[in-house]
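One chain, chain A, appears in both complexes that follow, with chain B as partner in the first and chain C in the second.
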Partner chain A sequence: MRAYVSAFRMRWKMEAQYRGAVIGGFVCQMLFGLILVGLYRALYFSKPQPFPFGQVSTYVWLQQAFFRMLLASDGDLLDKIRTGSIAYDLCRPVHLYTYYYVRVMAQKLLGSLMRAAPMLVFAALLPPGWGLLPPAGPGAFLTALLGLLLGLLCVCALENITMACTMRTLDSRGMQAMMNLLMMVLSGNVLPLTLYPDSWQRVITALPYAQLLDAPIRLYTGQWLLSDAPRILLRQGAWALALIAAGRFFWHRNQKRLIVQGG
Partner chain B sequence: MDTVKLYLRSMKMLLRSQMQYPASFLMQTLAQLVMEGGEFLAVILIVDRFESLNQWTAGNLFFFFGLMSVTFYLTECFGRGVTGAFPGMVRSGQLDTLLLRPRGVLTQVLCSAIDPRRITCIAVGVAALVIGCQMSPVHWTLLKALAFAESVLFGCMMLLGLFLIESVLCIHSVKSVELVNALTYGGRSACQYPIDIFPRPLRALFTMVAPFALVLHVPAAYILDKPLYGWPGFAAFLCPLSGAAVFGVMYLVFQRAMRFYRSTGS
Partner chain C sequence: MRYITTEGLTKTFTVRKKREKGRLLREKTQVRALDSVSFSIEQGELVGSIGPNGAGKSTLVKILSGILTPESGAVTVDGLVPWQERRRHVKNIGVVFGQRSQLWWDVPIVDSFSLLRDIYRVPEGDYRKRLDELTEALDLSSFLRTPLRLLSLGQRMRAELCGSLLHGPKLLFLDEPTIGLDAVSKLSLRDFLQKENRERGTTVLLTTHDMEDIAALCPRVMVLGHGKKLFDGALPDLLSRYDKVRQVTVRYDGDFTLPALPETCRLTREGADCKITYEPASLPTGALLSLLQGAGAIRELTAQPQNVDHLIAAMYKEMDL
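And now, the complex of A and B:
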């Protein structure tokens, strides 16, 4: 257990080094957020929707703030697979899946927290109708936090499944790009899932991608009532367990037939 | 003419080398399709829910989206040297070798990379344009075709110019180059939609600083018979020239910056 904690802490410290990138990314994400809110405002102006606009702008800002949670991935591991130095990791007295799971978790958690904090402050200061609304209530806030944590577990598990595919093909770029893009579309980053057709909602919110950010955001804005919260959190938890189980299975199978690249 | 021949030859060479790994190439091309398809899906779903956007109908919105993707990804495909490869060249010192050869640096940079994977993105853009034209509907005339060609051509030049900012910053080794992405990729996401729906600060940014609106939206609105801000028809032919202006200015800045270039060594 201590080994995993220190792997997590090492990765955490490393991610904290990239403060310059955070500032550049911050301005970029800000502008993207403003563009999206501007677009949805114009759309709402042409044809109002049954739910208030504040929910949409809040959705956009929370998605932008935690964007890094979706996309950060462990570049070291990719290099190791390509060059064959993964062989050293096989010698370590740790469970390989868990080892990389906590590493990527540290990266995603700190990466998104560093970006989310200034962005959420900025978004909360924007004029009404543009910015971030406060949570629907203290209960909504707490369940949203819990949901975000479960979402983090899911996204790390998904990341490791992508990695498992990488181990088999070596050239990861195509596979990774595909998985990431699927994630952006289906997790509500490109278009809020709340704006997808109403007839799709049942299916799309049940997919694993909706558990990452969509579920906590809907809990935060109160679109999902507090009485629904246990069901939502249970679904997230179930997906997290299923994805971790699937990832471990793939990693275990890969480890048996792993070909170490050398030279 | 010699330069064009050189460019075409390099493109052919690079294409052949990329085709050496067909499986990887296919996979990455497919990934691009998912990306641009996802963006297009977002527009379709928006149209499904909201039906129209101010005076712009669904067909108009598809047309604007298509024009943007075709222009943007043509630039990324054929201008890969500037849009993607340049920072790496500076970092690795590969740029030094270009200084020794009897050709312009920018020509050689452009000749050094191509990104054929973008072909699927361009295809999605073309599909959006065709659907947009069918639905709007667009009555094509010779003048409109001319405005369209001008828009795409100068759009590519403008984008090259904007990406050159990043290259210049790279030469001066300024950190946080991501800031420039705000102009290029930000402009792409914003100007997939007609500019007049955005509030004034965003409109100013994408008209005056990065003239996406002048280069793409004024001609597009003319083609759709809904002139932007009620501007007269000749504006559709004059405004895109601003794209050439952006490129021209950035070309001069780039040449100046090259004088300050210091190799990273080894």
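And now, the complex of A and C:
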């Protein structure tokens, strides 16, 4: 256990060093947020939708604030796989999947928190009709936090599956491009999942990508009622378990047929 | 006590070649990295493993350290099968891959060490003591708090070695640990390894291309080539098989007539110097000297020291590697 806590802390420390990247990410995500909100305002004013616009702008801001949780791979780990330095990690008395999982988690958690904190403040200060609304209630806030945590578990598990594939292909780019496309579209980052037709939503919200941010955001805005919360959280938890199990299986299989290239 | 035993160890890699024009599928070839290699190493032994590039040395280390699984053959290290009981096995070993890094690029090296302490569950007291010892022996104190990326190659290698020894492994695999080191660092590293082996009884398997490392450290060498074990024994025994020729350079005062030398000798002139390569077995050095003296007045005579690298090159050539 100590090893994993220590690895988590170490990655956390490393992530905290990249302050320039935080500022860059902040500016970029603010810009994206403003453009998207403007776009959906235009859409709304030409054809009003069945739920209040405040929910859409809040959705966009929360997605942008936690963007780093979705789209961030640990370049260090991918490099290790590509260059073969992973050999060192393979001769440590640790469970490798867990060891990498906690590293990814530290990176995604701190990376997104550092960006989310200033962004959410800014978004809350924007004029009405543009910015972030407060949560639907204290219950909604707490369940949303819990949902975010489960979402984090899911996204780290997805990242570890990408990494397991990289161990086979050695280059992460192809796999990542595909995963990122799925992630951006199906997690609601490009277009809020709430704006898809109802029949589509029934399928999309059941997929793993909707568990990452869409589920906690809907709990936050109150679009999903408190009475729905147990069902939503259960679905997230089930996906987290399934994705972790799948990742562990791939890692285990890879370890058996491993080749470390070059000297 | 037998610490490492391998029996008929075989590992094959599949190498895909680039697709040839007009063919649908890429051609695959099987490369046998290890071909039924058997040996045993006693506890506390310091063994060197040499061989040309691609001989299977690194593959051997990777199998013994539990990273790779061989196709066939039996291996036990301290009673464990490395790839089957990986986590129990790796607790007691330390590995240095000279071309790779185990320390974190962006953080001070002492932080990487703390992580290793937690990974190997080294008690705090033992860790402090060991770190002090290693800091002293490897001269790390001036850059313990410097991030890895700012260190020179020599500093980095010393830090890497420290990282591999923090948990006091009973068995140490060194895969080209002196690569890129300057003379001072190399010598201090050798001293350190010798001390580690003598005082703690650490078993060491050293893979290197640096013959001086082997000559200074390893009473026993194994030669690998094309995945096979070609020699296993003392370095002097190995060298004496190929150490057949000697070389002297003479410079004469004034005129001289080149002596007629037997066919086994080779003579080359470089300005005023005559370089003679001969086999003491067929022409004893004394006899050569009287021949040379008969040719004129010798001003200088230098005998070239034997060069281990040349011997090894000759050996690889003869073994068809």
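Here, the second predicted complex is superposed on the first by the 262 of 263 C-alpha atoms of A that agree within 3 Å, B and C clash if a C-alpha of one lies under 4 Å from a C-alpha of the other, contacts with A are read in each partner's own complex, and residues count from 1 in each chain.
Note that a contact is a pair of C-beta atoms (placed from the backbone, for glycine too) under 8 Å apart; a residue touches a chain by one contact, two chains touch by 3 or more.
Given the structure is predicted, the values throughout are model-derived calculations rather than measurements.
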Using the superposition on chain A described above, determine whether A:Lys256 touches chain B (first), chain C (second), both, or neither. second
For A:Arg231, using the defined touch cut-off, is the partner it touches chain B, chain C, both, or neither? Pick first, second, both or neither. neither
Touching A:Met10, do we find chain B (first), chain C (second), both, or neither? second
More chain A residues in contact [chain B versus chain C]: B
Could you give the residue numbers on chain A that contact chain B in one complex and chain C in the other? none
Residue numbers on chain B that touch chain A, as the complex places them: 21, 24, 26-28, 30-32, 34-35, 38-39, 41-42, 45-46, 48-54, 175-179, 181-182, 185-186, 189-190, 193, 197-199, 202
Show me the residue ranges of chain A that touch chain C in the complex, using the header's touch definition. 2-3, 5-7, 10, 13-14, 17, 76, 83-85, 87-88, 90-95, 256-260, 262-263
Touching chain B in the complex, chain A uses residues 20-21, 23-25, 27-28, 31-32, 34-36, 38-39, 42-43, 45-47, 49, 171, 173-175, 177-178, 181-182, 184-185, 190-191, 195-197
Give every residue of chain C touching chain A within the complex, in rising order. 13, 58, 62, 65-69, 87-88, 90-91, 93, 95, 97, 99-102, 104-107, 111-112, 114-115, 118-121, 175-176
